Amino acid sequence: MNLHPTTAGLLLAGILFVLGLISVLIRRNIIFMLLSVEIMLNAAGLAFVVAASHWGQADGQVMFMFILAMAAAEVSVGLALILQLYHQLRTLDSDEASRMNG
Amino acid sequence: MDIAFIVAALIAVAATVRVVTCYNIMHALLYLVVSLLAVSVVLYTYGAPFMAVLEIIIYAGAIMVLIIFFVMMLNLGLETAEHEKAWLRPRIWIVPGLFCIVLLGELLYLILQNKQPAAGIQVVPPKQVGMALFGPYLIAVELTGILLMAGIVGAYHLGRQHKKTLHRFLENNLNT
Amino acid sequence: MLPALIPAIPFLGACILMLCWKRVSRSAVTVIGCGSVALSAIVALIVAAAVAAAGKEPVVQHVWQWIQVPGFAAGIDFRMDVLSVVFVLVITIVGFLIHVYATGYMHDDEDYGRFFACMNLFVGSMLVLVMADNLLLLYLGWEGVGLCSYLLIGFWYKDPANNYAARKAFIVTRVGDTAMAIALFLLFEHMGTLNIQRLLQEAPVLWAKGDPMVTLIALLLLGGAVGKSAQLPLQTWLPDAMAGPTPVSALIHAATMVTAGVYLIARMHVVFELSPAAQTATAVIGAVTLLMAGVSALVQTDIKRVLAYSTISQIGYMFLALGCGAWSAAIFHFVTHAFFKALLFMGAGAVIVALHHEQDMFKMGGLKKMLPGVFWVFLIGCASLTAIPFITAGFYSKDQIIWLSLAAAGGHKAYWLAGMLGALLTGMYTFRMFFLVFYGEAKTKVHHIPGAVMMVPLYILAVLSTVAGFIELPHTLGHVTLFSHWLLPVLPAVQLAVDSMALEWISQLASVVLALGGIWLAYVWVIKRPQGMVDFLSMPGQVWLQGCWRRGWDMDALYDALIVQPFVYLSNVNRRDLIDKIYTGTAQLMEACHNLMARTQSGILRWYIMGVVLGAVAILSVLIWRLHTVS
Amino acid sequence: MILLLLIIIPLAGGLLSWIAAARNTLWSRYIALACLLVDLAITAQIWATHPASGGRWLYQYKTDWVPHFGISLNLAMDGLSLLMLILTFFLGTLAVLISWKEINQRAGFFHFNLLFVLAGITGVFLTMDLFLFYFFWEMMLIPMYFLIGIWGHENREYAANKFFIFTQAGGLLMLLAILALYFIHGANTGVYTYDYFSLLNTPMQQETARWLMLGFLVAFMVKLPAVPFHTWLPDAHTEAPTAGSVILAGLLLKTGAYGILRLVLPLFPEASAYFAPWIMFLGVLGIIYGGMLAYAQTDLKRLIAYTSVSHMGFVLVGAFSFNALAYEGVVMQMIAHGISTGALFIIAGALYERIHTRNILEMGGLWSRMPVMGSAAMIFVMASLGLPGLGNFVAEFLILLGSWQANRWITVFAAIGLVVATAYSLRIMQKVFFGQATRQYALPDLNRRELLIIVALVMAILLLGLHPQPVLKTSQKTDYVVR
């Protein structure tokens, strides 16, 4: 294993991101989907930090902070939406909430 | 290659895989917390101690706790796990999974193609981050504040239990 | 002023009748209907006298300018020359007699007024046709005649069969008219005018004899003539035209319509003279038609259809004469034919009325005693049609044609033979009809004896059918040339290739023998030994052949299969307009695309994410591919 | 100024009659009728008094509108415009009369639309500014859309949409061509203007001219309509109310023919000559194809609509013959077809009012019940098949005589089209008026109002057929493009 640290970090970010993506795709439970999105956000944040350390610049970490803030906002709104959904449809199955089809 | 990084990365990946495959939502959440903690170690190894701390406090702490509370509030127990089991059939996950693997392969390929000169890890101190935040990124910070505000208001509005069970948009839809 | 009055009076009568026949009494309709034609006949006589007095100088009248645009002018111009005078007199006089007859024939019809309106219009249109000074006005009359035939053949409009017959008459003649219209375009292109006199003067200057262009024009004119005159190959409408009331048939066959083609060719004879090919075509068409129609007439059962085919056959004689260059002979035959054919038709009409609208000859018979008056006039008509020598008009006119078809410059032995054979056929079918109707046992009761108003015109025509022949006698019998002499300013004298008195005697004798032979055959066939004939005719091949002849050589079926059916089929297939399918198809395609795209909006979140993944895969693939191809 | 008045009168009348309808629909009808009669009187007066030996332009009126872009309010009238205007107001008057009893719902809005269509048509016939031309072109489109879509028969919305999409698509192509011409003229001469007279001799490459010419041509061919752009017409004609059908057949189609004579040929003479054989071919295709389609129809109005396709084929053949005779014929055909087809639509409408069907298979034997209507129908059917003595014959004969000089085979086939015309025309008479009556109706013959309309039309078609000279003489003053 003679990987460059940046490459290694990006690899890790990529793996995590794709795992999150897989999860989003295969889960029908909407809470799981929210979790998976969190994984993906986190992976993206990780990639930013790795890049920041690679260039020695603060911008990457700034971005990580924004992602954090966004994730927080997203989770709060998302959970509220899930709550509504659960009340309306009595299920957490995202496929059930397909009334807005074309 | 730092040993700490390798261990943390392996833990992160393993824990995430469990998140993906776990039927029980509580277990999945706990695995996710583990994964986040591992990522925070990774962040630390990449010279971003402040970010590692934030990861633990906000992600693993605040956000995850929020979700756990939420799950507990909805009282999703074994029943949901059964559902989850029933939903996770190979028929459902194989094709998307394959595509994602392809995507991963391509990502890795592209990352490994990178022939950047080795520069090693450079530590970016929190002070520099703070300077950047309240310097060039000031407007973004303000906007983030507004975003968080919107999140709070939105969560409040959406999470409120109305006497009417239906949202007004949905109500029209159901009547028709 | 006078020439214009001749067609104007019948038109006026038609207009008055059309507008207010419902409001005036029957007798008023009679007065207007017959009176207008009578008045027209009187004016025609006056104009004829004027023409004669002026040394056969034509009387020309410009009524008003019809069309005048740069490069083209046509007026409502009438011209009475000697040829027109002949036609106008025949049309008005015979037309008048038919009108008088019709007042009796149509007496009980509810649309009495409409009938006379159309009849007047018919006469008027025909008068315009023969008096027109330019081809466009002639064309107006030409088409007007077609319209009136349509109106009158389909007069009893409640029976769809009549309408089909009427429509057929109009459309078939229209085919010929189209050819004629194209001839007009060609004439205009080359001469820059449609004035008949100028055309006739300039044609020989412009074209040498046998020029392909003049042949084309002559053939196209012939096409028009063939359509109106019911000659091969456009003869199919005429037998069906019997659907109209009998006076209409008389008018169509005797005075108007079918003779228009003869008039046209005679009028444009200069063009035909310039084209030997077209003349030959005319003669051949005439010869073939006269034989085919004669054969068809032989096997008809409907009395009016016999007469219809005999008309086609007789017009065939006229075409034969025209084709041989015997112009005045053709016109002479037209005149005598007008008399005896009107006579025959109206006689047949009298029979039909007497038998309560029974037209099948095999259901008639023994009428000699019941209807003696009709019997005698019918006999005169038949004799004239068969060309019984010396005493009938038909003899002089037809014999002249048969002789000239051999002797004239354009004549040929084959024409002569055809004419001879035609004489035999004529004798046979005419007297077959005559015997069937008047001899034998009565099969249908006479319920109505025709009154004076119907019989008087018959008597007059009977006289005319007899004496009209004396105005033109052959060399062998006194050599009177009043008629051809009268026509000399317009129609040149016939060029004789053979001028032998002996040969002419032989020809006449032969034709007489053949005609009498035909009568004898008919006598044997119908009266003497009907059974033998029945046996002969019921032989296997015979039955089919007879059917074929009866149906007019199955030309109808041929046209039906070749033209009508494909046309109807094509238009029915295309009823919904295939081109529209292109547009509606495009619209449908768009809608299908829309539906397809809308299907992707399933509302299922994971599908959307899947789309994102696929997009990402695609983008990265392209990226990698480019990375490789670039480096 | 009088030209502007001609346009303003129907516009004002339309608004007024809309307003008046709120009080009393009868007022609205009288106002519409009065406006059109006034316009008819003005144009008839001009026709009667115009000097026999004057110049080409009888009246001209020009004032700036948007000088910055070279747009002006430029109206002019020559013989062609004059004849078209008389036809417009004549048929317009009849259209109001024919709707007197037929249109009872929202009569005010109906007359508003009717008058606006007529105003648009008037504008098209008068304007000498291409921008304004396009403006009026669109202006007649939208009220027509409403006329079909609101007062039409069962399938009216489909028909109205189809009509709108077809003509609008054609119109947009024309707009493109107008703009291109504007800019090319501006670039080549430095003068940016929409003025017709200035644009007449725009210097440009032949290749460009051909494309621009096609842009104009397609718009006019859609309106005309020529095969293969004709498919909107049967639907629109069939579904429109009687007045709408009359306006469509009698006037709207004529704007297409007018556009070809006024714009396509003079603006692009070389390009037109280049495409002439093909366009004549389309014309003759329309004559025969339309005729065959007409023969197959069972819906009376649809049948008549397809005869329009057939007759307008003659216009196309004549217009691209580049021959003075053919042009006279085209003008005659425009007028005679307007009258004869308009009359047939009026008769079809009157029949529909009485027996509530347009299916000719359900008719038959109507002559005995309605002899006057039958006679009138006979006259117009005969006109439609080109019987000499009626207007259409003069037109078709002149067209064919002229086109013979240009292209013989085309003319031969066009002449064969006359036989097809006979077939479908007689079919109308046979199926509708002849034969045995299938049902017992209590059918009143034409009433006084209808009789007035029909008599006016019969007089017009007879006059056109027997004494077309005044029309021909008026039209001669227009300089057509002759090769």
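Order of writing sets the chain letters: A, B, C and D. Residues in each chain are counted from 1.
Here is the rule we go by: a residue touches a chain if its C-beta (ideal position, glycine included) is under 8 Å from a C-beta of that chain, and two chains touch if they have at least 3 such contacts.
Labels paired with UniProt names: A = NADH-quinone oxidoreductase subunit K; B = NADH-quinone oxidoreductase subunit J; C = NADH dehydrogenase subunit L; D = NADH dehydrogenase subunit M.
The shown structure was predicted, so the numbers you read here are calculated from the model rather than taken from an experiment.
**Q** Could you pull out the chain whose C-alpha mean position is farthest off from that of subunit C (NADH dehydrogenase subunit L)?
**A** The chain farthest from subunit C (NADH dehydrogenase subunit L), judged by C-alpha centres, is B.
**Q** Could you state the distance in Å from the CA-based centre of subunit A to that of subunit C (NADH dehydrogenase subunit L)?
**A** 95
**Q** Just give me the whole-number Å value for how far the CA centre of subunit B lies from that of subunit C (NADH dehydrogenase subunit L).
**A** Here the centre of subunit C (NADH dehydrogenase subunit L) sits 99 Å away from the centre of subunit B.
**Q** How many angstrom between the C-alpha centroids of subunit D (NADH dehydrogenase subunit M) and subunit B?
**A** 71
**Q** Give, as an integer number of Å, the spacing between the C-alpha centres of subunit D (NADH dehydrogenase subunit M) and subunit C (NADH dehydrogenase subunit L).
**A** 38
**Q** Which subunit A residues sit where two or more other chains touch them?
**A** Residues 21, 25, 28, 99.
**Q** Which residue numbers or ranges of subunit D (NADH dehydrogenase subunit M) touch two or more of the other chains?
**A** Counting only residues that touch two or more other chains, subunit D (NADH dehydrogenase subunit M) contributes none.
**Q** By residue number and range, which residues of subunit B touch two or more other chains?
**A** 96, 99-100, 103, 107
**Q** Okay, what are all the chain pairs that touch?
**A** A-B, A-C, B-C, C-D
**Q** Per the contact definition, I'd like the list of subunit C (NADH dehydrogenase subunit L) residues that touch subunit A in the complex.
**A** Touch list, subunit C (NADH dehydrogenase subunit L) to subunit A: 597-606, 609-610, 613.
**Q** Which subunit C (NADH dehydrogenase subunit L) residues qualify as touching subunit D (NADH dehydrogenase subunit M) in the complex?
**A** Touching subunit D (NADH dehydrogenase subunit M): residues 18, 22, 64-72, 76, 114, 136, 139-140, 142-144, 147, 150-151, 154, 157-160, 163-164, 166-167, 170-171, 174-175, 177-178, 181-182, 184-186, 188-189, 567-568, 570-572, 574-575, 577, 579-580, 582-583 of subunit C (NADH dehydrogenase subunit L).
**Q** For subunit A, which residues are in contact with subunit C (NADH dehydrogenase subunit L) within the complex?
**A** 21, 24-25, 28, 33, 94-95, 97-102
**Q** Per the contact definition, I'd like the list of subunit D (NADH dehydrogenase subunit M) residues that touch subunit C (NADH dehydrogenase subunit L) in the complex.
**A** 162, 227-228, 230-231, 234, 292-293, 295-297, 324-325, 328, 365, 367-368, 371, 375, 378, 382, 387-389, 393-394, 397-398, 400-401, 404-405, 411-412, 415-416, 418-419, 422-423, 426-427, 430, 433-436, 466-469, 472-473, 476
**Q** Going by the contact rule at the top, pick out the subunit B residues touching subunit A in the complex.
**A** For this pair, the touching residues of subunit B are 1-2, 5-6, 9, 12-13, 16-17, 19-20, 25, 28-29, 32, 35-36, 39, 42-43, 46-48, 50-51, 54-55, 58-59, 62-63, 66-67, 70-71, 74, 76, 80, 83-84, 87-88, 92-93, 96-97, 99-101, 103-104, 107-108, 111-112, 114, 116, 118-124, 128-129, 131-133, 137, 140, 144, 147-148, 150-152, 154-159, 161, 165-167, 170, 173.
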